[in-house]
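Next come two complexes, and both contain subunit A; in the first it sits with subunit B, in the second with subunit C.
For the complex of A and B:
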């Protein structure tokens, strides 16, 4: 496997929340001003640290949702887990003007590099769409030619993050295709009943293995396991399948 | 101490005893891997130690599982922040596997099915600190968690405990493996919070 230069030291720094955006009833985007942010590649994440009055602290990883045009804010999108320690704080308590400690960017593998000419397949389960959104945005900004197919599994239509933006991009970004999978309830008039992602979905809405696409799969662990297994069974080269597992069952 | 997060109390659902800095306790067994989970049939499994002189020591599944094994109970700490206490494993000590290996090299590159690698100093593998584990919680190790067999080095962050391990290669110089080249720490001591390069 190719060797890459080792990046420099990652230090904690205070970011300021400059805006918050409700994406769905249970997911929110934090727009962060991070002084001196070195920039990031689409797919990377950052580590965030919360500290209580008594010094107790908790760290979690969050993928970066925004692309990087050279400056500007860094956006993360958080899905609230009802019994979670950190995510409900980020979706319900944090307000514009608050400071949050973070460090990053982190990760050099789950990254789409626009210089890679292969077609791309992105498969998202729930909040797993976040790092994939950064790839879609980067591609749009660069007007990159690689065709992107996106399969995005959500419980119900109202659980889809970035739905309006995705709709707009499918119209405006040539070569971008998005297919939704609804697992609990589908929109009125949807041609199929709700179902989990399966071989047929990936066969019809992914790329054939012969096209040797770069594949990125992200979401809860069991979702990623299922999708990666299907891709391998369909004949995709395991080395071309990059995965990010967010946790959970 | 970091800046205070307004209105954050923390949940601290588990009165966690001694966890390394930045870690939280989980009772699940989360999964961190870079790609699909490989399924490796036991009749195709093998494990090889290659010395700096190119000498190979190879075990197939039958020979490997015939070696003396140990029950291991240890805490494990993943770089993605979860820790799990008192996990129980069965495996072969690397002291056993290295018994007939002649080497003067100080570093090891662990190789796994699929091309993943991770680097470890040899002294961290010996003296009862590391195993090739093939059972978890009394059951054959799940492919998702690295089965049929994975490296187990509980005193380092868990990415060093390479899943689907199929070989160790001796090296004179320390070189970054797969995760390390992607920005993770060369050594990875959770008690010193060596998550990333430069920590």
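For the complex of A and C:
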């Protein structure tokens, strides 16, 4: 049944994949041309819908990785979940030129607005880095003055998305720091053995609570809850901590 | 799979004219109040179930049929919407 969309309401539309970029062995960026995209704020996501020939459809939310300079493509970075219904199709099957159904931009809570004057702490677990990358890119493009600290937990160095770009941004930007936490294997010469993120990590590589930073934490549910608990225990105001969980263990 | 209220944003944006994940709910069970984005969300049910992060009661559920969206707010004592 065809229906007319209500003005101002979110509707599904077709987008075209204009490029794909492998970020890690299991994560891929899709560059999307979305006609009439109204622009997005860093941290927002979009919903993507796949429909099989028999009419079965599955819908998932994916964070937007790119910033928005006013026009151009929209990029999402997808981590393949081995038991996933949608992500393996997006990471392994979709090709340049394919059409994808999506709606967005979506969400207004897990969003960094460049007008927020506080320093920023971003804490990422695995592909939770994606919406935070949009914030980092937006900050870079605007040459925003709020200093950013990033703590990025990955299993191994090969699992780090955007590693080269982050390295380059840190080199070129005195207001950006990135600290990696390796949970399974660390690079040669890394000063610490692999470990999970802990109080010492956040105490050493985050901001002191007195600085009242805006904090964004994104990752699997258990990661997000651990980090949020640590932040509150260190004295951060819970109201300044924004979290986004993407499931998992 | 457990998600949070951020994942409700798309479905709620189909129904409401304001961005609902920044709205503030009050749980009818325990009176905990926070942003809708902080609800605990399960999407593999027939529909979407969102529970209070404090007491675990169901605050809202959203079920889609081909022609309707059914939003149940029995567990919500109050919603404060951004305007």
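By our rule, the second predicted complex is superposed on the first by the 242 of 249 C-alpha atoms of A that agree within 3 Å, B and C clash if a C-alpha of one lies under 4 Å from a C-alpha of the other, contacts with A are read in each partner's own complex, and residues count from 1 in each chain.
FYI, a residue touches a chain if its C-beta (ideal position, glycine included) is under 8 Å from a C-beta of that chain, and two chains touch if they have at least 3 such contacts.
Because the structure is predicted, anything quoted here is derived from the model rather than measured.
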Partner with the higher number of touched subunit A residues, subunit C or subunit B: B
First, second, both or neither for A:9, with subunit B first and subunit C second: both
Which superposed partner A:53 touches (first subunit B, second subunit C, both, neither): first
Which superposed partner A:108 touches (first subunit B, second subunit C, both, neither): both
Contacts of A:100 with subunit B and subunit C, given as first, second, both or neither: first
First (subunit B), second (subunit C), both or neither touched by A:243: both
Footprint overlap on subunit A, comparing subunit B with subunit C: 1, 8-10, 47, 59, 61, 106-110, 221, 242-243, 245, 247-248
Subunit A residues touching subunit B - in the complex, by the definition given at the top: 1, 3-4, 6-10, 12, 14, 47, 49-53, 55-61, 85, 89, 93, 98-101, 106-110, 221, 225, 228-229, 231-232, 238-239, 241-243, 245, 247-249
Complex contacts: residues of subunit B adjacent to subunit A: 1-13, 22, 24, 28, 30-38, 80-82, 114-117, 144, 176, 178-183, 195-199
Subunit C-facing residues of subunit A, complex: 1, 8-10, 45-47, 59, 61, 103-104, 106-110, 221, 242-248
For the subunit C and subunit A complex, residues of the former touching the latter: 1-7, 9-10, 13-14, 17, 19, 21-22, 35-38, 66-67, 82
